[in-house]
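One chain, subunit A, links the two complexes that follow: it is found with subunit B in the first and with subunit C in the second.
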Partner chain A sequence: MGQSIALRIKRVLKHPLSSFVILGIVLLLVNVFYRAGIIQDIAFVRSVARVIIYSIVAMGFSLLLGYAGLASLGTSGLIGLGAFLIQLTYSQKGIPMVISILICLVIALVVGALIGFISLRIEGMYLAIITLCLSTILVELFRIGWGTDTFNLPRFQTFFGKEFPGYSSDGGLLVRDVMYYILVPLFVIVAMLTSNLMRSPAGRAMLAMKDSDSAAKAMGISVLKYRLIAFIIATVYAVFAGCLYMFYFRSTTYTDWGLALSLNILAAVIVGGSKSLLGCILGCFIIFGIDGMFLQNIPFFQNNTNFIYIISGALIIIVVMFYPGGLAHLWLDLKILIRKLKLKWRHYKYGD
Partner chain B sequence: MGISKKLLHNFYSNRAENFKDDLDGAIEYNEFYQEKQEVLLKKHYDKFVAQEQEKLEPIRLSSVLLKSEVKIQVAEKLKSYDEKDIWRRKANTQTQVRGLAKATTDSDKQKITEAYETQLRSLDKRREEYEHKVTASISSKLQSVCAKDEKEQKEKLAKYKVALAESDKRCKAEHQKLEVQKQANIKVFQLKTDAKVSKASKKYETTLVDAKKYSASKVDQKLEKNVVLSLHNLTMQFGGLKAVDNLSFDVKKGEIFGLIGPNGAGKTTVFNCITQFYKPTKGEVYYEDKTGQVLLLNEAKVHNVIKKGIVRTFQNVELVWELTVLENLLVAAHSLFKSNLFDQFIHTPKLKKEEEMIRAKALKVLDYLGLTYLQNAYPVGLPYGILKKIELARTLMCNPRLIILDEPAAGLNDAETQELAVLIKKIRDEYKVTIFLVEHDMGLVMDICDTICAISFGKMLAIGTPKQIQKDPAVQEAYLGGE
Partner chain C sequence: MGILQILLNSMQFIAIISLATLGIVLIFQTSITTNFAQSMIATVGGFISVTLLTKYGVPALASYFIAVAAMFLFGVFIDAVIIRFARHVTPVGKQMLTMGIVLLLTGLIPLVFGNVVMQAPKFSNTIITNASNTLSFSMHNLIGFILAAVVIAAIFICLKFTKWGLSVRATASNETVAKMMGINTRIITGVSWGIAGAVGTLAALIYAPLTQITPTMMVSVQVQGFMACVLGGFTSFIGPIVGAIIIPVLRNIVGYLGADTWKDVVVYLVIFLVVLIKPMGLFGKKIVKKV
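Here is the complex of A and B:
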């Protein structure tokens, strides 16, 4: 009986989606530990939330770059679009949270389709330049529309018509905690959906399209359709992440959404492995997370705040040179290494 | 007015195509369902038989003598013990070898040999102890069960035979029951499919009528009997260069048609015009589809050509290197998937069903070409001949009627080319398809083609059987040069 339970657990773990559920549980525990006092620093939880939010962007980006083979440098502008649309709908017009997010997603759909149409004519580096321009235009629009101030989202008083749990300052859960508990399940759901898409005909069609346009067409794959789909998904994820960013961090200025963020996300996807979702999440953890989670407590890094950029730059060089598949390959290589070592040991112990 | 008419025509013909897809899909799934039921039946039956045998086991035990049964069971146990034991012995030998290689003095060597022998003795002892232990435990377990003397054994044996016959009967009855159940399942599913098919076909016909109402170009062209593909005055012009010049020929159903010509004669351009990678400057490409309807291919989009049953390969192998061989075949069957993006996000049962069916089909194709052992391998680094075979396998995935091969033998050695020739003929006969190929290897072309068309600088030189082409003076001139 005990053996059968072990087998069953093994079978569940073999399912490709199980890893995301486990990751989600671990992420939820972070906030639980913070409340329990095991993690002392609120900056740690905030860094984890930042990693989660940018991971959502990175997943869309990995679909775009790793699967459809389209490069884009306009990601940050799209995240900013989400954040500023929330500013507009939620805090200025007073539209409820869920509906304002839905409005953002619809707008993202349209914007994504527009960029997708552009991508039909332009490829490679030129596409990256065009998306960069679009992103710059968007950021400039934010500056014109909202000025140079930092915007703060008003505190939620109510949540789905009810008084926000523990809103009063005397202990209990804080608003950010509740947002964190909403954030993690959303992240897990998005990861699962993306993983599903990558393992279905659409994902395979995108890979075929990336390798050779003409072969894809000969196999009945409409290049137009799948490029559009890739761009729309990437845009919707970016805007959605922007909304979540706004609801969690609750403040933004237009300078947050410059080229640096786009490049950081590109770096995260490349370091982690552009075809592996877990790799992308790992990349985001390295690029966005390590700094706030661990390094801030070390005096050297407190004095040299920009030193992290040197580390991430060096990491990108190393990965691109030696691990073109990203850090996700490390796991596979490790497995192969272990198998080889085992064989060697066998040879040593038992002879031929 | 013209634009709206065209839009309406496109709308209705797209709808009609979708209904047609539904229809084909339902029929195909029905076939797959029947195969699946067969597999399920076997699985259930095997399970039942195993259960029956488990039930029979005590009766069988009671009908045998204790000694012989213990002997058998102990031998089994010892066999599994020996499988592990052999490694211990090997390790022991290896230790000795290693030690001897290191040792320098004679006394050291002697020590090592002694250690080896003591270890060997202890292993032997361990095996003996194990045998004793197992014998004791098994005989104590079987003592009460087995027959004590020959007289009892005879009685019990008769009983066992009766039980065996009964169980055999039960198995047969179960098989019959399962068979009946299977037939019923198939019947029910058949009815469902029939309903679906009749519904879809009705819709298909009505939409087709609608589409025809708005159709701007009338394809009145009747192809001659048994002709699948027909080119009419095809011309393809790149700037000032006429790559294909007024080319017309017919490809008959079920034949292997070869297109030959010197380098730069425009053969690949003809292919690209047929599959709509290039839109011909002038001239028409007519194609008779599965239902016997004549289509003007010039109007079709590149990615829709495959839906009409025309599949092509490329000169250089164009596989998806990041997917396994099996997944490559699934990509090739992309036009068979009908589930929409929502299905793919959620992995609904509909998609799972489709995926299961197409996976089974891909495995069948791989089996047909003898590539099953490669199903989970990545194509990177496989020999060129096998890559070409995988390309061929891909063409078989999407119910083709016309397979267009662009230099299938390029880069293959003689043996592989021979194999390919046999394979192409086999595919033509078993899948009942027409094959249209461009090839430089004259041996292959003359060997397998029924009709050959020779072109030079985009113009037709000659068309006929291989023998006629070989004798043709114009062809000889083009290949060997004039006076």
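Here is the complex of A and C:
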């Protein structure tokens, strides 16, 4: 009986989506541990939240880059668009949170479709620069809309009908904690959806399109349809992440959404491995997380705050040049290495 | 303020952006990648010049020469150490390599040059006005503009009439065939990176006195350089320079017509629409893809 339970657990763990659930539980535990006082550093939790939010963007981007083979440099503008729309709908017009997020997603759908249509006409490097152009227009609009000051989202007074205090020193539940507990399940759901999509006929069609447009067309794949799907999904994820960013971090300026963020997300996807979701999350963890989570506690990095750039720059160069598949392959390669070593050990012990 | 004054005001940015654009195009043509590190390499050159000037009291002209020469060597160095070995990396991977260089330099600049904000002196502080005092522009802009014009003209003449120029154009059109024809493409790409570093540094030297020297000072210039490339067409040499002239003039004219806050939005929208109508840019040729 005991063995059958173990077998059942093993079978559940073999399911491709189980890794996301386990990751989600671990991420939830981060805030639980913080509340319980095991993790002392608030910056740690904030960095984890940052990694989660940018991972959502990176997953959409990995679909776009790794599957459809379309490079975009406009990601940061789209994340900013989410934050900006939240300011317009939630903060100015007073629309409830869930409805304002839905409005954002509808607008993201339209914007994504627009970029998808553009991608039919403009290709390759030109597409990357034109998306950068669009993102720059968006950032200019943020500058005009927000002004140059930091924009702060007003505090929740009520949250789904329950009242929340602004600050609490007695260890009560804060709005940010609630947001964190909402954030993690959303992240897991998005990861599962993307993972399913990548293994669906749509994902296969995108892969075919990536290698050759003409060959894909000859196989009866509609290039228009799948480019639209890829761009719409990537845009919706980016805008959604922007909404979540705004509700969690609650303050922003227009300078947050420049070219640097787009390049960082691109770097995270490339370093992690553009075809693997877990790789993307790992890449986001390396690019956005490590600094705030661990290195800020080491005195050397506190004194040399710029040293992290050197490390991530060197890491990007090394991974791109010597490990083109990304760090997602590390696990597989380690497995193969261990198997080889085992074999060698057997040969040594028992002879051939 | 008349239209003539607007053109005079645009001069400095025409000089800066066209120099930056030239670097981007040279690298794109020979290494087939958009070089995000262009602005960072240029910024390092600016830092070298200002540090020599203010800390060590080197004469201005000498410091400019040292900075430009150092960045030429640095460009060659980057090509020799990184880009040359990345021939089989995907185009996006190559972009990421330049991004890695950006991050490396972002980290290294404060370590090497310190965290202080520095101000570069102008080439000359004189302001020239015409007799009736209706037009005015600074000597700094004039020197910068002439310098840029001379350098760009020289490079274009070399591209058109020398053996080196022919080799660059051959490498740009097809690297493998160029190699078969006996062109040393390694030297060509290396020198292209060097020239890109040098002209970028020149742009930084012209731009630095107008603002403060910070690691991020050239980012907006670089973004406009990319826009100019897309507007003019990556596949030609002259197109991006035309783009680099159009962008600042258009911006200033839009600002003059009364839409000062919206001028960037208008300029980028115009670029966007032009590229939508002519996907390969104004001067670009359509590349025929083989299946």
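One rule holds in what follows: the second predicted complex is superposed on the first by the 344 of 352 C-alpha atoms of A that agree within 3 Å, B and C clash if a C-alpha of one lies under 4 Å from a C-alpha of the other, contacts with A are read in each partner's own complex, and residues count from 1 in each chain.
In this section, a contact is a pair of C-beta atoms (placed from the backbone, for glycine too) under 8 Å apart; a residue touches a chain by one contact, two chains touch by 3 or more.
Keep in mind that this is a model prediction, so the values were computed, not measured.
Looking at the superposition, the partner that touches the larger set of subunit A residues, subunit B or subunit C, turns out to be C. Once the two complexes are laid over each other on the shared chain, residue contacts for A:Met321 go to subunit C alone; subunit B is not touched. In the superposed model, A:Leu207 makes contact with subunit B only, not with subunit C. Of the two partner chains, subunit C is the only one that A:Gly313 touches; subunit B does not reach it.
Contacts of A:Ala215 after superposition on the shared chain: both subunit B and subunit C are touched. Of the two partner chains placed around the shared chain by superposition, subunit C is the only one that A:Ile130 touches, whereas subunit B remains out of contact. Touch criterion not met for A:Lys10: it reaches neither subunit B nor subunit C.
Contacts of A:Leu259 after superposition on the shared chain: subunit C is touched, whereas subunit B is not.
Overlap of the subunit B and subunit C interfaces on subunit A comprises residues 212, 214-215. Chain contact summary for the complex, subunit A toward subunit C: residues 65, 71, 118, 121-126, 128-130, 132-134, 136-137, 140-141, 144, 212, 214-215, 258-260, 263, 266-267, 270, 304, 306-317, 320-321, 324.
Listing the residues of subunit A that touch subunit B in their complex gives 193, 196-197, 199-202, 204-205, 207-208, 211-212, 214-223, 229, 275, 348-351. Remark: subunit B residues 87, 90-91, 93-94, 97, 275, 277, 301-307, 311-312, 314, 318-323, 327, 330-332, 334-335, 337, 339, 341, 343-347, 351, 355, 394, 398 touch subunit A in the complex.
Those residues of subunit C that touch subunit A in the complex are listed here as 28, 34, 36, 82, 85-86, 89-93, 95-97, 99-111, 219, 223, 226-227, 229-230, 234, 261-262, 264-265, 268-269, 271-272, 275-276, 279-281, 289, 291.
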